[in-house]
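Below are two complexes that have chain A in common, paired first with chain B and then with chain C.
Up next is the complex of A and B:
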């Protein structure tokens, strides 16, 4: 049977989450509590579940795709452990591979918006290698799957680095407690996915990507002009 | 805890928030059957005259006639029951019936139409879908008879339950307005928006937009197709539905084409009453659900392709998702009992009295014909109010019309006869 021409346009979302040692305790627990909530959102809201496709990438010294791009409602959610240092370059390399694989895994003919990557980190890049070239690979204008990147920072995150990473929006969490900061970021992500998926608008258009990051919890960082 | 006072009583409102939306926040009250919706601001509140009218209708049905929720089309509407106003008379909030717990899903949210029409939600078999869609059409037909516009009929604003009873409930109804009210703006739900609104041919949803949403629900709910008709063609035209199978009953297919082929042509859209009639004709030809018609619909709506995207590629790394989710299975269709009529004693006698109703009417007609007309005048609106799916409704209606006319005509005939006889006997 031919693929329906009346399919809803898929919104691919890539979560890139820092699991370095500094995330131990409250922050990683907050991430682990929020991921099942994100899955519940996909199940309780069939329209959002129909449109959103989610992938999860973690990074520390190395990066890996923990959940490839899929319908999160049907995916098992793993418990994320903390690991070693913080290597942004590994994160961006893995992001590029995950986007490539994920977008190609969609059934042929699936209408799809440009992907959006949500980058979460509580610290600075600590590896020796330079992460700029890996970031450039992700932001390569010639790459047909080039994602929009929204960066969220908390704890000891570097605002300048977040501004450099983000293509459209960057935020710093305000709360003093890192666990609460992660909690608020994850809630903001769930709300953003819900409202963007429910809007039936291209997230790459001016008002298509709905970011639900209330100002009482987040400081928006001005975009970097290069 | 605080107390708010409306026109019809005072209510103790708890701090327990049930839901928050763009228009207002819904709180529990100490009465578990009522909730209080407080508007964010005066400009978010509906116009007072429109609200007062809704309260009037709602109270007449729910409080006056004591019709149990979700037992008839008119009691399947979440009518506001009281208005809380400020000192200037502007609405600050409304008191609404609480959504019955059986209409909530495992996540505590109303089980919306999405769970009936979307394949990923593992929808029920055709029998149940037809019941819900038929009741949806009856509800909108009822609103039409009162010239009301809901304005935001969508996958979330129609809740339904299969157990313990078959219930359908139209929610978010406090913003309903009259069909003649010219709204400058209004709300709409993406995916359910009237193309005329998208193309700015109308400033806000009107009653024809409700009819469009109904047709979309029929298309998606009867056939279980994705039914996304909101991506315009490259030439700027709106797409027509492409997944109406040839085997679908011609009467249903004709209504779908009329509603969706040219979505900017609002007046061509079938009315809810037309949908009711066609669904009854197709699926309840003799007052009971036709198992073969439902089987046929089940066959048409069983898509051989899986409802979800295939499993993703297995990546390197320790954790991978499992394989493809199971396809939803469709149990055999069920024969559903028609909705139980909730009517007054006069209407019930007409519906259920059988031969005794007719004997009584004939006796009354001979004894006091005008009393017959008066009695039937009471029974007639009660019979009209019951759902069209109730067996015997049509027969009772016909007999009511006959008796009411006979009640008036019989005395007139007798008088004429007496006059004629008198004239004949007095003539030389």
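Up next is the complex of A and C:
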């Protein structure tokens, strides 16, 4: 962990994006259009771009960290291709590793916001392995870097699964067109990053994160209590 | 300071600003113009300043709106106040409204005013303890918020630090992450423990946790004490550039405008309101204030 006499505040954000075959066409195109928009926001708005650090994780049968935690303003944005099935367990294992690696890459003593993971999926887990234990590893209360997980579902996403994944906030997109749903999710995500980056503290940790998911476009799912 | 420290950029072309020698630290993006929101009848002014002799002490204070609030059009949420009680003891309050509450700037302002009222309107001749003042002022803040302004007290929550400068000792109490530093031997020493894991979360606030104040005391002595909100505290803790700058600025008592200048630095990622009340105690042993 590097040492520095200047430790700049960091808001760590992890995007966990489903790139399974069902994302082909409009949905993946919407994701690929939205990532450069997010980068543009980082380059133009100091209250976001000077704080937010973003990592991009994709998952299908397997999961990959496509962009490690970094200043998105200076990172090349790859075109995401669609792949195979849907394996939530692989996504959560990769998320845990990306958070660990990303947080440990920051200089010691860096002031940080609580990490946030935005999980986007259009379907259900289709792999043979159970995904519960991998999710438990990400939601482990004893983990120092445990992120707040916000789950967005669209297309054929399972509401109960999204409720189980989210630590507090889960949403289903309303629009009939999956491409529009992805577009609205990515816009909500950018707005949420913007409002959380420019807000400061709350004793109730539920409000440490400011979600901007208008009811016009999203159905909020009640949090799972067990 | 290396590459992280460089000279400030020119002010935006469409406005005129005062020249400043305050540094720019780190790679910063261009600043967008400040704005206000429609329908915000509770807006606090962007800047508050003081620089006065207060009994045996010199007090300089500044509260500057943060970039995040200026850009979004929301109000500065910090507040401060200080007074001498009828016996000449100095009391200081610094409060920071929580960003997620709708009118927290109102709570921060009411709380500071109520600290001063509680300190000055006591029947008891003994020094008022800051933790006691916080409990009283916190309750009054909730009552005034509800009865006078018709607001839910939850919507005005703030964190705060209160200092009492007596003959024998100085005493400080806080709820939340507002804090205090002593400036001695060209270094800052934080008077409270800083345990926070994440900068956007705190574990206590006023008026919910009025009775959960943490207290520290020190023997009365010639010293420089700064009571600050976390926007400034985070920079003092994490930036050698800011520490070096403030040490140069607060080496002797300052006027109100010089106090403003001390907080005008630009630092990457530092977008919260900045508020400090600096007390040069027992100024007979310092350089006289200018």
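Keep in mind that, in the parts below, the second predicted complex is superposed on the first by the 212 of 226 C-alpha atoms of A that agree within 3 Å, B and C clash if a C-alpha of one lies under 4 Å from a C-alpha of the other, contacts with A are read in each partner's own complex, and residues count from 1 in each chain.
Rule of thumb we're sticking to: a residue touches a chain if its C-beta (ideal position, glycine included) is under 8 Å from a C-beta of that chain, and two chains touch if they have at least 3 such contacts.
Here the structure is a predicted model, which means the values were calculated and not measured.
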Which superposed partner A:40 touches (first chain B, second chain C, both, neither): first
Which superposed partner A:144 touches (first chain B, second chain C, both, neither): second
Touching partner for A:128 - first (chain B), second (chain C), both, neither: neither
Chain B versus chain C as contact partner of A:196, first or second or both or neither: second
First, second, both or neither for A:53, with chain B first and chain C second: first
Which of chain B and chain C A:7 touches, first, second, both or neither: both
Chain B or chain C, by number of chain A residues touched: B
First, second, both or neither for A:111, with chain B first and chain C second: both
Common ground on chain A, meaning residues reached by chain C in one complex and by chain B in the other: 5-10, 43-47, 49-50, 110-111, 198-201
Residue ranges of chain C touching chain A (in the complex, touch as defined): 1-2, 4, 25-26, 28-32, 67-69, 71-72, 96, 98-101, 157, 159, 176-177, 197-205, 208-209, 230-231, 234, 237-241, 267-272
In the complex, chain B residues that touch chain A: 105-107, 109, 114-115, 118, 120-121, 155, 190-191, 225-231, 239, 241-243, 303-305, 308-322, 325
Chain B-facing residues of chain A, complex: 1, 3-10, 40, 43-47, 49-50, 53, 55, 64-71, 73-76, 78, 98, 101-102, 104-107, 110-111, 198-201
Chain C partner contacts - residues on chain A that touch it in the complex: 5-11, 43-47, 49-51, 109-114, 144, 196-203, 205, 207-208, 210
